[in-house]
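Note that the chains take the letters A, B and C in the order they are written out, and that residue 1 is the start of every chain.
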Amino acid sequence: MSLEQLPMLQQLMLVLAAMVLFTSFVLLEQARLLAAIHAFAWQGVLVALVTAIVASSSEHLHLFFSAALTLGLKALLIPWMLHRLVRRLELDRHREPLRRPALVIMAALALVIFSYWAVVPVVQQELLFTRNIVAVSLAVVLIGLLMMVIRTQAVAQVLGFMSMENGLFLAAVSATGGMPLVVELGVAFDVLVAMVLFGVFFFQIRESIDSLDVDRMNRLTEHVEEKS
Amino acid sequence: MNALLITVVSPLAGALILPSLRRLSWAGWLNVLVSTITLAASLNLAVTVADHGVVANSLFRVDAFNVYLLVLTAFVGVTTSIFSRPYMRHVCDSGRVSQRGMRLYHAMFQAFMFTMFLALSTDNLGVLWVSVEGATLATVLLVSLYRTPEAIEAAWKYFILCGVGIALALFGTVLLYFAAQHVISDPEAGLSWSALYSVAPQLQPAIMSLAFVFLLVGYGTKVGLVPMHQWLPDAHSEGPTPMSAVLSGLLLNVALYAVVRLKMLVDGSLSATDSPHTAGYLLMGFGLVSFLVAGLFLHRQRDIKRMFSYSSIEHMGLMTFAFGLGGPLATFGALLHMLVHSLTKSAIFVTVGHAAHIAGTQSIDHIRGLIRTQPAVGWGLLLGVAAIAGFPPFGVFTSEFLLLTATMQSQPWFTVALLTGLAVAFAGLFRHLHPMVYGPVPEGQQPVSANMLPVIVHLGLVLWLGLSIPGFLSRWLDRATELITGAHLL
Amino acid sequence: MNPVGWLLALVQALLYIALAPLLAGWVRKVKARLQNRRGASLWQPYQDLYKLFAKEARMAHTASILFRAAPYIVFVATWLAAAAVPLLTSDLATAAIADVIVIAGLLALARFFLALAGMDVGTAFGGMGASREMFVSALAEPAMLMAVFTLAMTAHSTNLSAVVDYQLAGANLLRPSYVFALAGLLLVAIAETGRIPVDNPTTHLELTMIHEAMILEYSGRHLALMEWAAQLKLLLYGVLIANVFFPWGIARDVGAGALGLALVVLLGKLMLLGVVLAVSETVLAKMRLFRAPAFLNLALLLALLGLLSYVILEVGA
């Protein structure tokens, strides 16, 4: 099957999936927290749109529900919670540019290529029109991971975590037409609880080190000099 | 079926009821009561499984393999709740934890037990994922319960690392579901372990291998395999001691259980290819590295709970290696080792909790002369460490001996590495243990009110298992071995 | 190639130099309107050029032969590059012998002499402008090539005529790679033609100017040629974007009617692009020079994502 044979709607889906990947890059590079939260919300919207399109052009009707769930959770509720937290923690104007943006972007691009390579066995199955998106979703997962590694700010790490979840959801939608409903609800519940706990932790961390820069939490390392 | 339902639901009910109790002393007792009900139900379930083979419905499936872990989990749950009642009172009285913190503790303890039972008994791999992630969420607030900077740091690390790991496991689960869709037409059954296992040879080998890599890294983070182990010593050392006991004794087991179940699927799928043992080799590699690295790290620990958490990593590595080795003997040994390690390690953490209260610190350098201040705690620690290090009369020796024999049979060269690792770990434990137990007593050191019953029961059981494995248990483990490897040992 | 084809190529090339000042005038006019001014007439750039050609060309006494020759080289190189970009018809004789890499090479040649000329007189501004120009273009060029390679990969040819033909032959496709390549190329075009937010074509403020700094010493017909070349470059990028990404209307046979229609459609597309450019220049503020790498890295990222999304999403989709 080639691109020419896909209906317009599914071509649009590919474009949207590519834009999900782009929002991942925006999220990775964004220095301002509020802007990063907005980028995350847009990613949620795009993922929900992709899901809705998959639902409308396949027999997986329960995906409409998943799309609505994603829209509500990832595009509205979690960004809203993060927004509130950031304002309550007075981080609205917090800026933290990447230290080596070019290197980070190159690493992220390498991850995209790696994901493409890694999911080749899946793509070769020629089963679904969405199979090419699996690589994109793995890339989103891995870029989220990269973000959690290079960002030292707690809120930014949480954004990376949540964008990983977006990638996972996209993977489920694109590879398998969505997980069974009970699993999807369970995952959504876990994500929501995790978000609440993250909120609790932001305050605990700030109370503890007077900042949200988790790099300053370095009491628990394997020190030899503690011997004295 | 009812027994299964009670086993799973009673901790959930406990988690909902316990925080609403105003009187803390009642909450402690109720916690014990709930755990006991759970244990009774799980024993009932075990009898049913022994009679009928498998108890299963659309969402749950209990066979010889997981029922033994269910009983073990319930048992450790009971003893830990017995220990935690006076221990947490002591903590609460000393002002380290507020009343609200205590309610949170009780609720989350039972919530954690609920996720453990759900993870063990479910047949759906998606639900398995959800409950293992749920276990992290339930315990992460407990790790930071003391609100010290170290505790918060440990909890954050735990949260982030396990979150990342478990996210990769979900990707693996998605791939698994993808592979299943080619074979199983009913989409609801695509994540059912039993359905997948029955069609395992038809699953796409390439996709299954890819899925297994993600699943191993994901659940392996929870098992504490090196190099994904960074969270484990921190979370164990900074959380309350009952939490360390159940994390080490139960959570690691459950994560390993998940890995073994998935390995069974992958082995089935790869059986017809050129490399049928890929999953096994991966497990052996990760296991051996964890085993050796953790053994070395034992030597440089300053914190007593940290030291024992490295010992947990070491033993989990050994079990992972054994499951990777495959074959009835190694699998039997690994199952036995899972059992004795859980019992011994939770006993040790209970003792360590008391020892830390006696000394007023967790620093190894400041815990001295336990055997003279409070002989029960001193002997408990000495015997516990002797057991975990694999001294002969204890069960750990038996299981390690079985594992070494199995290694000698199939991969003789690895025996050298295993023996070296065991010796290194042994030395690491005992060089710290000796001064703590026998060293000069610091001035003013007072005994504390200790509840050594769990320790005595656990170590007694481990000793019994070392002297003779009762017939019903060996048959039980043998059936689990048959389930995993397809061959009887006995 | 038949003589008619070459004749057509010549007409197209002449059309380029004829239309270039018009596009510049149009952008200026729209911008003025957006700022609530009436603005100069559309034909003002032609009058400017006419006036400059009539004036005496003064030369600094330190200027070498290079300074004298540069305007001609720059103009001719840009013009040649433009001549290889299909304007009215894809059946283009020049496009057959010059692909997109040649175009990039010719533009680089023009830029090289422009920078040399800027440094030749030895004034501070000229050198500064030259170094800034090279700084920006060093970042913009890879992005441009990446974006163009995305197109080339889909069409299996680096030849622009072939790309346009391929686009027209296929159904109306929505390609993720094209979306990214278009976005990347737009950013590159803005940087390369010295528009806001990278450079400001109307400023003579020493802190910010790039292109103007290099041609500060020119006067008379030399200045006219330099200005004209800059306008040509703007038109070149405009046509490249308009005809490659939105090729509808371009003539596929050489008939008067088709060509006429193609011209009307092309003018429409360029007018639209001009409006977009004017609006973006009105809305955006010029950024500091040291932010330019971030801007161009974005362009490079977009172009690379275009390339990758072609490989990942479209091959065998």
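To be clear about the criterion, a contact is a pair of C-beta atoms (placed from the backbone, for glycine too) under 8 Å apart; a residue touches a chain by one contact, two chains touch by 3 or more.
Computed from a prediction, not measured in an experiment: that's the story for all the values here.
A.B. asks: If every chain is reduced to the average of its C-alpha atoms, which one ends up farthest from chain B?
C.D. replies: Centroid comparison gives C as the farthest chain from chain B.
A.B. asks: Can you tell me which chain is nearest the middle of the complex, judged by mean CA position?
C.D. replies: The chain sitting closest to the overall C-alpha centre is A.
A.B. asks: When the centre of a chain is set as the mean of its C-alpha atoms, what distance in Å lies between chain A and chain C?
C.D. replies: The computed centroid separation for chain A versus chain C comes out at 38 Å.
A.B. asks: In angstrom, rounded to a whole number, how far apart do the mean CA points of chain B and chain C lie?
C.D. replies: 66
A.B. asks: Using mean C-alpha positions as chain centres, tell me how far chain A is from chain B in Å, no decimals.
C.D. replies: So the centroids are 31 Å from each other.
A.B. asks: Where in chain C do residues touch at least two different other chains?
C.D. replies: none
A.B. asks: Would you mind writing out the residues of chain A in touch with chain C in their complex?
C.D. replies: Touch residues, chain A against chain C: 1-4, 6, 8, 11-12, 14-15, 17-19, 21-22, 25, 101-102, 105, 109, 112-113, 116, 123, 129, 132-133, 135-136.
A.B. asks: Over in the complex, which chain C residues touch chain A? Could you list them?
C.D. replies: Residues 170-177, 179-180, 294, 297, 301-302, 304-305, 308-309, 311-314, 316-317.
A.B. asks: Quick check: in the complex, which residue numbers of chain A touch chain B?
C.D. replies: Contacts found on chain A: 118-119, 121-122, 124-125, 127, 138, 141, 144-145, 148, 154, 157, 161, 164-165, 168, 171-172, 175-177, 179-180, 182-183, 186-187, 189-190, 193-194, 197-198, 200-201, 204-205, 207-209, 214, 217-220, 222, 224, 226-227.
A.B. asks: Enumerate the contact residues on chain B facing chain A in the complex.
C.D. replies: For this pair, the touching residues of chain B are 59, 124, 126-127, 129-130, 133-134, 137, 140-141, 144, 147-150, 152-157, 159-160, 163-164, 167-168, 170-171, 173-175, 177-178, 181-182, 187-188, 190-191, 204, 206-207, 210, 233-234, 237-238, 297, 300, 302.
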